[in-house]
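Chains: A, B, C, D and E, in written order; residue numbering restarts at 1 for each.
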Amino acid sequence: MSAAPETKGVRGELPGAGEAAVPFVEIEALRSREFIPAAKEALTSLIAEQGQSKLIRPVFNWAGRNSLFPLHWGLACCAIEFAAAFGARWDAERFGVVPRSSPRQCDLMIVNGTVTWKVAHKLITLYEQMPEPKWVIAMGNCATGGGPFRTAYSVVPGVDKLVPVDVYIAGCPPRPEAMLEGILRLEDLIRLRKE
Amino acid sequence: MSASLYSVAHSLVAIVLTAIGSVLPSPLRQGITNAGLITALGVIVFAAILLIASMLNTIVLIWFERKLLGRFMDRRGAMHVGFAGLLQNFADGLKLMRKNTFRPDEADGLGFYLGPTAYMVTSLILFGILPVSTGWNSGVLPLSLLLALVVFSFAPLFIFISAWSSNNKYSLMGGMRSAAQMIAYEVPLLLSVVAVVVVSGSFDLNTIVAQQQNYWYWGPLFLALLVFVAAMLAEMERIPFDLPEAEAELVEGWNTEYGGMLFAFFMLSDYVRALVGSFLVVLLFLGGWTMPSWVPSAATSFPLAGIVWFMVKVYVVFAVFVWIRASLPRVRTDQLLRVGWNRMIPLALLSVVLAAGVVMVKCLPIFGCLPNLGI
Amino acid sequence: MTEEALTPQTSGQDNPVLWVVRPMATAARQFLKSLVRPSTIIYPFERLEDPKFREEVAVAAGKPIGVGAVWDNYRGVHALNIATCISCNLCSFSCPDLCIEMVTVPGGNPKHPKKCPQIDYGKCSYCGFCSDACPEGCLSMTTRYELSVTKRSEMVYSPEKLFEVFERKLPMNPIRLERPANEDAILLDAPLCIGCNACARDCPTQCITMVDIPKPETPPGAKAPRRIWKEPVVNDSDCVRCGTCISVCPKECLFWGTRA
Amino acid sequence: MTALPAPPVPWPELLGEALVALEPMEGTSGRIRFRSADAERVFRAVHDAGFHHLTMIGGIDWVDHREVIYTLWSDAGKTYLFLSTDLPADHPTVATATRVWPSANWHEREAWEMVDIQFEGHPDLRHLLMPDGYEFHPLLRSFKLHEPEDLEVKVRHV
Amino acid sequence: MSEMWINMGPQHPMTHGLWNLRVQIDGELILDVDPEMGYLHRGIEKISEDRHYNEVVTLMDRTCYVAGMAWEHLYILGAEQALHLQPPERAEYIRTMSEEFQRIASHIMWYAAFVQDLGLMSPFLYGMRDRDLLLDLFQSYTGARMTYEYMRVGGVRNDLPHGFTDRARKVLDWLIERFQEYDQLCMGSDIFRRRCDGLGVLSARDCIDYGVTGPMLRSAGVARDLRKDRPYSAYDRVDFDVARATTADVTGRYLVRMEEMRQSVRILRQVLDWLDHHPGPVMAENLPRWLGAPYAPIGREGYLLKREYPKGVGFAAIEEPHGEAAVYVVNQGGEHPYRVKFRSPVYVNLSAARKYLVGYHVADIPPIMGSVDVCVGESDR
């Protein structure tokens, strides 16, 4: 009644030893991590004489997206993967993502788990304590839409009912890589932001 | 390096002003080449150079710590922003600059802004006092060591002001702890410095370094070094003595309510103080910019060699601090205070007594002939 | 049975220097080890699925990166082969999170539109019940896990989008469970049947055929029951046990049971 | 899972008329149904018989009546024992077990919150899992779950 | 500074989850505490009543997100008793193996979080790194890192892949070395010992009165371990010792957990050997069709099942990494359990917080609460 994975009804082929897995990340932020593109953009806008704010913006934008401090809190299952992403194997600090415990010092709230009605107003308070500019990532299905618990009496069906969400990461829980990809996507979003 | 930074700045200003003055009519020329004006501008340029150099150094120090800590933890640390993550801290700084500044409603307006600013300023003043190589500073300060330590000990006051005025229980507890800790460790810190002063016979840091031409103080004054490093760790509020910002119980300690640029002030000042702590260790115990005699002269005679060697030593000392941070847990408040008052102070006193012994040995004629072996 | 109570191996006060040196030495050893190659995977550039991490490199080489063969069973995004989907609804039935909705895709005839699963990844909990239930093996789970979107609605994957995933030929979860030997069959409560052909019409595998049954002799005077004189016969070997026939039967005359 | 031989405890003699029924249960020492009026005495007797550890207190809503189940563990006998009592749905009240087993505190708070069972003499019977002022008792059978889309969730920013 | 109440939580680095510890302090001294739970109450018991027996397993992984396998195991044992089913022996061994791997993973997670609370930063990273290896193992046979959905009523979903036991043994070898390193960093450090010794003392008497179980109880000298006292699955067929300390403080709990990890490795080596030599089915024969296994559970309302199934009551208790977990499943003949009631060890351990926190310093809260090993998902359910 059991089935060994090698023999029975193989549906897809695993890539062989020499064959690389197909990359999925189609994110611009990866290409524009460097300071030089931002500076180049700033110079271009200076030459085009589009005003001083246009000069400052790309540089500050570069700074903002490369140093996202998420709020250090754990809601539920995704918090463990959130922690794993800061662990040795994935090391989110490579991207300048350092969790801070105080909302005053954060730019990014990663809602990593189920939000219940009991904690909803505290979440809103925390969000309001974060200084502008700020972003929210709904990590995992519970934060996105209540997940498997969305029918429960105590669960908020999606954190977007409480605070504006910029990036949703699907997964239950998302792998640490998926979380990093979500952060990169947010960086992409910030890059294209018009202030 | 013979010319001091200040004299360089002074002559730079003088040349520029003279050049400008030469094309101007007579009354203006005399006005602009006035000696007082040149001195004033020279001081400003000197301060600006100092500030920029020390800030850059601090930022590189933060990068250094992050990378080093990463390796201690079997990971890589910041690496994607700029080459090997070198631009990471600039990004952090710029971002914090852009964050909107705010004050919690219940916080006290004056103290909330005064605290971090004064903390930052007093930390930065230290760079003007500590020599990095011969003639770095404007002139000879006979009591520069004492002045440095006095300025260094302002910090608990400002931390407490900002903690009190931010009207947060965690901040308040952090501020209390910080004040208690810094005051407790001020005494052994000063006493261990007394040992150095006894041996060198001077409060002038330049003289202290000059005294170490023949032998560095860390060998004879090893006990004083240990006490000094421990007390300095407490003063810098680094693990294992980082109770004021003990993340586990007091969310972010006394900077819980601070965000944006004010938080950046705190962050930066902490590292400025860490840098200054490493400076002091190198100046007092590791021979400052002098090098042992076995180092080939080519390595010590190129321009700015003194600064380079000094900074190398500073980073090595800081690496030890990072190593301690990576491997030790933090202690508890009462343990910290007990260690401070019951252990550190007797040890520091003992080190003063030992220093007196060293002075007696130093008087022996054989001692002056020894080559500098780096110990 | 109970062994000695545990005590710390090292007593409290033996050598104060050692107490600080020991952890520092451990950290330093780790530092030296990770100087060459920390166990970090540089994520967007290196991936855990890469062949070099797929192989059994990690623990053997003293580098805790992976243990090999990790991805064989991974449950990520679904891949749907629209061509072989038979619209049996089993995935939708088996979903504990009710995230699968059957939507019409082109390809069916107007009377019986072809329906394929549309999956809302904002609700899916990646339990794999749907791909376990799929009788044709057309819905399976791949190793794709990166799914960040900026709009909630982009999380809903239409059958076409799932087919795109299929076309990318990602590694798929190869485990296909055998069917149990004692599967129940569709049984007919014959007296209730009216021969309406609904079950045969909607059967996704066309395993139900309507066979003629003799019209019973009725005594003159008594009225013959008004019905079509046909009865469904289920081909058990083709049946996927989806239950569509049961749910469409207007008289509720089909039921699960064990064939004698 | 094998049941270890439990020390024979003469429950009928110990509990007297408080004992309603003694039912066997696989892998445990069985289940004692007792009269809710004598709860306090039953708890004391069972505690003294060696069941010092209270594992959990659960309430079940059987629509027409409610049941409270106490699960106990005896370190000496290495076995579980269940106590159960039926309460009328209109007046589900039973004496608290906190005086016998202090750990009953949170279990009873939860049972009150979820299944609406009143524990007489409980020191601190207030909301634990749900926010203060929550009016419903979710684990009653009359409390139905819905898809959030059906409920039309509206949230006002505070 | 006079007496004041501070709220530690729900967003606080000490909590490791979503709960609130209200602390009354006088200076640095704790006068009173009041844990406030429910911030992660997700109504799992209620949702279970609307789910198929096998579908509840998906909730179990999320109930305790650091010990998903243990909770799956617990629930499945209860459900099997309620449904009068018996799994094959190989499935029992696989379950035992899964639970022990989970115990190590959970304890490593505890270690990482606990040590980080004391300000020791690098062991957090080491712990997460080594835990990832265990999660890789889980992923290689269940298909997910944390939410496995692996056990089914009547057995487990699939058999172990080829070469799994060898890989597992390599990981165990690696881990045994790492445990040495962990000890060097913690018990070998004077500061660490001074932070932990004599803190959070909860005597054996109080433990039993307040229902405290798991490593907290065993650190007080009571060798109660359900794996030994009331063996389930394959625990009566493996050889291991119950770790026990007598100090009843944070150090004792640390030692007990460390020793438990070593004992788990010992159990795992035996179980892996057994699995190598005893192939067989992993799912019970002759399961009723509606239970679905090894298929997905197909039994929704509207599926028109006509069937009769005997009623029953199931009770199971296991020694979860945090302590004694129990489940009470009522089967009223429907496709869904009528009532599922869980006992969470963390919930009970937290309820005694006043006993082991009052009288210590504020700085002692992180080590003490860290030694309790809080997992809020499981406690709030």
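FYI, a residue touches a chain if its C-beta (ideal position, glycine included) is under 8 Å from a C-beta of that chain, and two chains touch if they have at least 3 such contacts.
Since this is a predicted model, take the numbers as computed values, not measurements.
Path length between chain C and chain E in the chain contact graph, taken as the least number of steps between touching chains: 1. Where touching is counted per the definition, the chains common to chain B and chain E are A, C. Put simply, the chain farthest from chain A by mean CA position is D. Farthest from chain C in terms of Cα centroid separation is B. Across the two candidate interfaces, A-C and A-D, the one carrying more C-beta contacts is A-C. If each chain is reduced to the centroid of its CA atoms, chain A and chain D end up 44 Å from each other. Computed from the mean C-alpha positions, the centre of chain B lies at a distance of 61 Å from the centre of chain C. If you average the Cα atoms of chain A and of chain E, the two centres end up 29 Å apart.
Averaged C-alpha coordinates give centres for chain D and chain E that are 23 Å from one another. The set of chain B residues that touch two or more partner chains comprises 70, 72-76, 79, 247, 251, 326-328. Multi-chain contact residues of chain D, defined as those touching 2 or more other chains: 129-131, 138, 143, 145, 147.
For chain C, the set of residues that touch two or more other chains comprises 20, 23, 26-27, 30, 38-40, 42, 64, 71-73, 96-97, 125-126, 173, 175, 177-178, 180.
Contact between chains, per the stated criterion, is found for A-B, A-C, A-D, A-E, B-C, B-E, C-E, D-E. Residues 1-3, 5-6, 8-25, 27, 30, 88-91, 94, 141, 144-145, 147-148, 150, 158, 160, 165-172, 174-175, 177-178, 180-182, 184-185, 189 of chain A are the ones that touch chain C when the two sit in their complex.
Note for the complex: chain B touches chain E at residues 69, 72-75, 169-170, 172-173, 176, 239-240, 242-243, 246-251, 325-335.
Within the complex, the chain E residues that touch chain C are 51-52, 54-55, 58, 122, 126, 129-130, 132-133, 136-137, 139-144, 147, 149, 157-158, 161, 163-164, 167, 170-171, 173-174, 181, 183-193, 197, 221, 223, 228, 241-247, 251-252, 255-256, 259, 283, 285-287, 289-290, 292-298, 300, 302-307.
The touching residues of chain B, counted against chain C in their complex, run 70-76, 79, 323-324, 326-328.
Those residues of chain E lying in contact with chain B across their complex are 1, 4, 6, 8, 12-14, 28, 115-122, 124-126, 129, 185, 189, 191-192, 194-195, 361-366.
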